[in-house]
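Read from first to last, the chains carry the letters A, B, C, D and E; within each, the first residue is number 1.
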Amino acid sequence: MSDLLFLIPLLPLLAATINFVFGRRMADAQTAWLATASIAGSFALSLAAFGNQLDSDEPLTQHLYDWIPAGLFHVPLNLYVDHLTAIMLLVVTSVSLVVHIYSQGYMAGDPGFYRFFSFLPLFVFSMLMLVLADNFLVIFFGWEAVGLCSYLLIGFYFKRHSANQAAKKAFIVNRVGDFGFATGIMLIFWKFDSVVFSEVFARLELVSVDTLTIIALLLFTGAAGKSAQLPLFVWLPDAMEGPTPVSALIHAATMVTAGIYMLARMYPIVSASSDAMFVIALVGAITAFMAGSIALTQFDIKRVIAYSTVSHLGFMAFAIGVGAWVAAIFHLFTHAFFKGLLFLGSGSVIHGMHEEQDMRKMGGLRKYMPTTYWTFAIAAASNAGIIVFAGFFSKDEILVGGWLDHQYALTIIMFGAAFFSSLYIFRAVFMTFWGEERFDPEHVHPHESPRIMTVPLILLAIPAFAAGVVGLPPEDGWIHDFLEPAFHVEEHAEETASAIAIFQEGEEHAEEGHHVSTAMTITFFALSTVLAIGGLAIAYLAYVAKHPAFDPRAWAERAGPVYDLLYNKYYLDEIYERLIIHPLYWISENILWKIVDIEIIDGTVNGVAATVNYSSNQLRRVQTGFVANYALAIAIGAVIVIGIALALQSDLLG
Amino acid sequence: MDNLPILSMITYAPLLGALVLFFTPRVDAATSRQVAIGAGVLAFILSLAMLVSFDVNESGMQFTEHIEWLPDVGVNYDFGVDGISAVLVVLTTLLALVGIIASTSITHRRREYYISLLLLETGMIGVFFALDLFLFYIFWELMLVPMALLIGVWGSANRVYAAVKFFLYTLFGSLLMLVGIVAIYWENINLGNAPTLNILDLAAVQYSDTLQFWVFLAFFIAFAIKVPMWPFHTWLPDAHVEAPTIGSVLLAGVLLKMGGYGLIRFNLSLTPDAAEDLAPYIMVLSLIGIIYGALVALVQPDMKKLVAYSSVSHMGFVTLGIFALNMQGLYGAMIVMLSHGFVTGGLFLCVGVVYERAHTRLISAFGGIVSRMPVYSVLFGVLMLASLGLPGLSGFVGEFLALVGAFNSYRWAGVIGMFVVILAAWYMMWMFQRVVFERAPGEPPDPHDNALPAVSGASADVHDHDDEWPVDEHGVPQWPDLNRIELATILPLVLLTIVVGVWPEPFMELMRTTLETILIPFGSQGV
Amino acid sequence: MEELTATHFLLLSAALFIIGMMGVLTRRNVIVIFMSVELMINGVNVALIGFAWEQNSMVGQSFALFVIAVAAAESIVGLGIIMALQRRIDTIDVADVRQLRE
Amino acid sequence: MLPGLETVNPDLALLTPHLIILGLALLLLAIDVIVPRWRGAPMAYLTIIGYAAALVATLLMIDTNETTFNGMFRADDFSVFVNIIVLTAGILSVLISINYMTSRAEPGSMPVPEYYTLITFSILGTMIVGAAGDLLIVFLGIEMTSLAAYTLTGFARHRTTSLEGALKYFLLGLFASAILVYGMAWTYGATGTTNLTEIATELTAFDTAGGVEASLLLAVLLVIIGLGFKVAAVPFHMWTPDAYQGAPTPVSAYMSVIPKTAGFAAMVRLLVQAMAPLRDEWTIIIAVLAVVTMFFGNIVAIAQTDVKRMLGYSSIGHTGYMLAALAAFGASSDLNDDLSVTSLLFYLLAYAFMNIGAFAVVTWLQDRGRGVDVEDFRGLASQSPYAAVIMTIFLLSLTGLPPLVGFYAKYYVILATVDADLIWLAVAIVLASAASAFVYLRLIATMYFSQAEQPAPEGSTPFLGAGLITMVAGTVLVGVFSGQVIDLAQEWVEALTVPF
Amino acid sequence: MSTEVLVFDILAVVAVIAALGVILARNPVHSAVALIVTFINLAAIFVMLHAEFLAAVQLLVYTGAVTVLIVFVIFLVKVDDLPEFYGGNPVQRIFALLIGLALLGEVAAAILTRSAIGASDIWTAEAIADAGGNAEVIGQVLYSEYVLAIQITAVLLLVGTVAALVLARPASATLPDRVKRTGLISLAHPRGADREVAAALPAGLEASRRGETSGVRFDDRGVILVDNAEAFTDQTAWGGDRLEGDD
């Protein structure tokens, strides 16, 4: 099996290049069919790899060739599949397959159809390379390639200025994250003289904990950039400018989770420094809470879901921060399905409402789009964490993990975020599908999407509902033992005492988390359910029953400045604009270019030339034309030369 | 094969072409173009032949030629090639060939144009092959005049100022180098060795620290002007903006590499101790150059000036890598030089293509090219991505290695250097998007556009040249996509960028032994 | 100063030389300049002959002889130039001869 | 005979080149009177053949380091090299003046036959200085060259500027000669002899511990000032621009090389050969003069509009470089690898080719009716590309750009100065040549980068063409084959120390 | 103070005063006379310094030939009515004076501290006397040691004559159309006549150029007007004009 690994990323790459080069001459259907077939191929191979990993702990590796042989900085191009990668492969390829099928319907008739179906498989190729990487450079290659594809896909409607701005913003903000990631890689190479994961992890003891903390934090900045954590999440909401299937695939299921996957892959490093873990947890919690609060005030259906994604990513980061590694991956697994479904559902709604995205112009779409409504509802329930749905189990496990890690304050914040996640999602459901129809009938005739779009919705609805079973019973379900080898560090006998102590302490920490008392489980079950149902009820009362106590407008006035703060995304965009972008433009325009370059450097150069010319003109006047003056010059020259010579060199003056 | 003086044949093939053209004044423009292309192809094929039969593991110089010339002053005609010069020579012959083929837009005095181009090529190749300081200096100055002519005669608006500034700037630097050469010549004699100007013999001697410092400084200033490093860079934007497209391609593609090559060949091997002491200061200068170049490129209204400042930033990586004084740094520097050759060469060709159609270089005058020129946009896009250092393309390999090298010697250098990753993306993306995507001036906005910018309508100067192209209903000139020649010149560069990005091993293998020998005095050769 | 010594004639030669030089510097009339130069040359001759006398050798005197011969040759050429110039521009005032300047 | 004197039976064979030239001059005078038909071109051919014959005779005399006329005449290798320089320059300047005489460059008529005679006499004068072994012979040689030069400057009698140039050159020349002779008198006074080698032995006797004796120093200084005028060193250079601008262009070309070579030959004879023991004193003075001359010459040349005047100032600049070469004398411990005079001689030869070349192109333009203003060069490259290329070659060589002889010459000078630990002088040379680049680049820029306003120059000047070709060949090839030339020039060390 | 020194001092002082007269005289003729006085004094000094032959040469060549030539030129080129007395502007004169004094000081310093004296040769006064006097000895010396110098001086004088010939020869009669000169240096002219005439005569010239008149006319002051020198005197001042390129 290990020598077929290269096919997984290769198939989408081939499809992408063929579509890109010959796309104009191929019929739309052909390009779509080719792309989907290649993803299906990769999916099948991923299943095979998953099967292989099911019954063996040995990771599959395949060496392709040496990418950069620069002395110690030796970068081989290897593909590496272990349990963690197997899961990620499954998630990526499955969701991509569904999105490909869905896009054929959604993008039908678009002039850039072939271009869409070349960028999408290219994205899948990049994501697969990222997941399959076994050293920092290849993961970084995948990292940037994914950023590029998101740039291309967000800016798909290149005629729109807003789309272009959003694409550029996404790429540059990702690059800010990449700056941290690349600096981390450099630090790692400097400290470990290698960039291959296995070699680095083997030499962990040689390095002090502080360095590990710095490395972990740098890697986290990379993850924050990619997985839209607090300071760098501003690009994700704007990324909604791209076509909805793109949002579904990239900004829900795969790319954004890359950061979390990378942190998971860096388990040995991150787990070794508790300070880094705390920072990650803190950032995760705050992001979850903030994003949740913003989502409450949004009216564009895709932006609500976008902020929900940011919030859930905050959940996963918090999970990693508190050491609930498996919970993070479990939530990632479930989240991919129901968030993908939410986006595709909203896509189908938008498709039906002729590109209308504002929820205030929707309402009562239940009767027009029954399948979309039901699948959207299931996904919403899962997102909110209703008891039986997949989202409940993974989210709950995170909260338990948080509590066990004694991060009580943060866990309470997470409870708030959980409550928000249920409130905003049901608000969206009720505003779009329930209540009175707020669109004017002559122009807009909502209709159910064609079967090519509804079938994928149903396909995704199944895991959105049932994916939770994977993690039952909590704390030691199937996924826990499957991922167990990925998240524990082999014992190294002869390491120095201090190093072992650190890992000892880290070790119990993990064990203790396993057998949690059933009482605690039940109480957390109850608490989550209360929050979820509470959110549903409030949303129902506010938007369907129009109960005066819960009138959204009333709450908005009462909240006043807080509401504006939330609605304007904590003014983060404006802050960045004013604090970083404008001053940078101003400095480089007025100071660096105009003054330093033109005034100072060019000034001096031209100044030298001018003084030479000026002195030349002055000296030239010395030539008066008078013979007497010429003789005078000779005489003066003679007097000076003789005078100085006699003074200095002769014996006259001793 | 090795008894043939292959190196001299490569060097003087273009000169042969130039002489043939010079002495046939009555020939028409077309045949003179054929002759020039012939000479270019000959030089390129010979250089490939040399590259093929180049022995990777041989650490010393290969294909050496030695003819006694001025014995009294220790000057003899020494040619030789090693890892780094072989790679750079092939780059030179390739770009020169591409330049000659792409010179379709030159209208007046084509014969003299080709003569200067071929003379320039000879000068460039000679610099890489020369092992004798005297011979090196001769070829170094030989390049000056043809390049100044290229800028001065076939340039655009105030070309004379740019040509004169370029000439005097480089001349001043090289004159200081001359004093350096003479100083090291006499020091070598005073230490009791036979009078010689051969680089290898001079490198073998251990000089006093003060002399090393002054000789290092003399060479450094000459090469810093050529690289160009931060305080000496102001001639580059003027020269590029005024030079004809091909002049810019060669200027950026090869002339800037002379500085880098010189720093490696002379400053590192002749005066190692001074190099080691002064490395941090030079790294500070390169970092300023990198950040400064990127920042100023951010606000350039003119495409060519933007690319020029971007090459100031890229060449900052070269000096950063060199003076990191370790394996990764030097590898990085060499690959940045190689990739900068294709990438910036290609970018200038792209700017030239658009300039031929719109006769302006102002970014604000363009927009929505992708719908009219898709192939062009794709190639331009790949080059742009290589320029901002996307992994998988050649730019990244070089820059990352240089930064890793810099990080290993000085932490702060690596970190500050890494900032350019953000800035490069910023200015390149901004330019690319403003030129290729967006709407052409005059095109109606997309109904679903959430942010309707005040696209600066149809800027007047774009339209007055539009008599030559058909105009669609919105008054947008329908520029044709790349013609056969333009494609034939840009495509190879793009392919090379991808190849070097994905599979840099063969190129790195070429340089390995040479870089190891260079790093011996610094004790970090194997690392 | 009982009997004649070198300083006597040297001072004389220096005086003549300097006075000749002053003449060249101050006068504008070409002929007077020419005469001043003749004075300088005579100063030199005095020095030469003085040294010959001091060192009882004939070298100085023959040298002076040749100097006189050369001075004669120069005067011919000089006056030739002055004649040619005068025919052209009716002046031998050095100040007017200023077309070539700066 | 009187006691202490013996009749001198000189070995005239050593004087063959000088006698050939003297014979030629007299022959030209005779032809002028007897066969008027031959005036003009036939005379020129004869002159060139004569010079060529003398050149061959000189080349045959290499390595015959002997003296005759009991020490007065030294046919050593130094004089051989001086003869080579002067005869080549002579041939070149005659070549470029043949067409000039009959062209419409000079409105009035010029006594053509006397032109060749006077140039031959001037060359004879310089050769005498080259071969002089005695103060007197040096003085006579200098005077002969100068007299001929004064006359030739005023050759275009119908043009007042020419006469004015001649007058200035004459008056100041006379003034400087008086100073030179006064210096020689003082030298004789101090050493009791006028023979150069004897003076050197006498001077070694004086101890210069506490500082040189004032009268000796005065002697050296007066000589330096006198010769400084001849080679146009800065404080004494005032005549050069006016003389160059006034004189007809071929004369300016000749004047920029032959009298200057005489001046430098005299300097070597007097300072290097005779006053070697005082070298610590005079090398510093020459070095300072060199720097001042370099910068003044090159900087003032920038603002000139008249090309001949600009070339005059640039020749002052080049004098600065040659003085720098001279200033490097005697510093290196072992004399026979002392490059100072060698680089000076090579520089003179290189300078002859490029400078006469530059003037030749100005003549080429004048022969075709165009003026000598910088504006007249506007757009020359598009009208007559070959002339422009040739002029560019000369100007680039004057700047010191490598493949051309100017670079080799400047390289050797820098070699000499750095060897003499005069690093600051070497840097000054480099800075001055950067300044000179301003001057020459401006001219090249007007030729190549701007449009022509005047009609294209047309007309055929075969001899000038031949002259230009030889000079271009010289500018390009002499540098490449400078190995052999340097070997010959290096012989000066042994030549100057040959006892008579 | 021996008589010899006294005589020397008198002669020296007179020579110096005469020299000052040369450079300070208003009228060039006066300075010429002063020059002659100087030369005579110097000759006397030469005699005192046992250089009798030199004294003779001095008198003959300098006082005789050169000064006469100068005076001759002065008359020819009408310098008597020169406008101003001193040359350059006053500032320059004072500056020149200072420089002169400075140089005198320097040279005097060198003279007074002079110790380097060449080894004395054999030609003492007695040796010269019994060898037949100064002239005899100089003759012998010249033609034994200075043979080469004499030949060169001969050539030098030849060059001088050729130069004078080239410079001073009158250009062709038909001068460029600037100012038509009436007769050149023909002896028949009263002094100063031609200058005024030339200036006052533009109208007449046009007529003469067109060749209507027979070539000889008189102006209002009775001065003979001729088209060119040939017309007036049969023999031109400088002999036949042999320049073929003239006309």
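To be clear about the criterion, contacts are C-beta pairs under 8 Å (C-beta built on N, C-alpha and C of every residue); 3 or more make two chains touch, one makes a residue touch a chain.
Here the structure is a predicted model, which means the values were calculated and not measured.
Participant: So which chains count as neighbours of both chain C and chain E?
Facilitator: A, D
Participant: Taking each chain's centre as the mean of its CA atoms, which one is most distant from chain D?
Facilitator: A
Participant: Taking each chain's centre as the mean of its C-alpha atoms, which one lies nearest the mean of all protein C-alpha atoms here?
Facilitator: Centre-most chain by C-alpha means: B.
Participant: Counting only C-alpha atoms to place each centre, which chain is farthest from chain C?
Facilitator: Taking each chain's C-alpha mean as its centre, the farthest from chain C is A.
Participant: Can you check how far apart chain D and chain E are, centre to centre, with Cα atoms defining each centre and the answer in Å?
Facilitator: About 30 Å separates the centre of chain D from that of chain E.
Participant: Nearest whole angstrom, what separates the Cα centre of chain A from the Cα centre of chain D?
Facilitator: Roughly 79 Å separates the two chain centres.
Participant: CA centre of chain B versus CA centre of chain E: separation in Å?
Facilitator: Each chain's C-alpha centroid was found; their separation is 71 Å.
Participant: Would you mind pulling out the distance in Å between where the CA atoms of chain A average out and where those of chain B do?
Facilitator: The computed centroid separation for chain A versus chain B comes out at 36 Å.
Participant: Mark out which residues of chain B touch at least two other chains, giving numbers and ranges.
Facilitator: 168
Participant: Would you mind listing the residues of chain A that make contact with two or more other chains?
Facilitator: 609, 620, 623, 625-629, 631-632, 635-636, 638, 642, 646, 651-652
Participant: In chain C, what residues contact two or more other chains?
Facilitator: As it turns out, chain C has residues touching two or more other chains at 6, 10, 17, 20-21, 24-28, 33-34, 51, 54-55, 57, 59, 62, 66, 70, 73-74, 77, 80-82, 84, 94-95, 97-101.
Participant: If two chains touch, include that pair; go through all of them.
Facilitator: Pairs satisfying the touch definition: A-B, A-C, A-D, A-E, B-D, C-D, C-E, D-E.
Participant: If you look only at chain A, which of its residues touch chain D in the complex?
Facilitator: So the residues of chain A in touch with chain D come to 609, 612-613, 615-617, 619-620, 623, 625, 627, 629-631, 633-634, 636-638, 640-642, 645-646, 649-654.
Participant: Give every residue of chain E touching chain A within the complex, in rising order.
Facilitator: Spelled out, the residues of chain E in touch with chain A are 87-88, 92, 95-96, 99, 102-103, 106, 109-110, 113.
Participant: Would you pull the chain E residues touching chain D in the complex into a rising list?
Facilitator: Going through chain E, the ones touching chain D are 106-107, 109-111, 113-122, 127, 131, 136-137, 140-141, 144-149, 152-153, 155-156, 158-160, 162-163, 165-167, 169, 171-172, 176, 242-246.
Participant: For the complex, which residues does chain E have touching chain C?
Facilitator: The contact residues of chain E facing chain C are 1-2, 4-5, 8-9, 12, 15-16, 19-20, 22-23, 25, 28, 31-32, 35, 38-39, 42, 45-46, 48-51, 53-54, 57-58, 61-62, 65-66, 69-70, 73-74, 76-77, 79, 82, 84, 86-88, 92-93, 96-97, 99-100, 103-104, 107-108, 111-112, 114, 117-125, 127, 134, 137-138, 141-142, 145-146, 149, 153, 156-157, 159-161, 163-168, 170, 195.
Participant: Provide the residue numbers of chain C that touch chain A in the complex, in ascending order.
Facilitator: Interface residues on the chain C side: 21, 24-28, 33, 94-95, 97-102.
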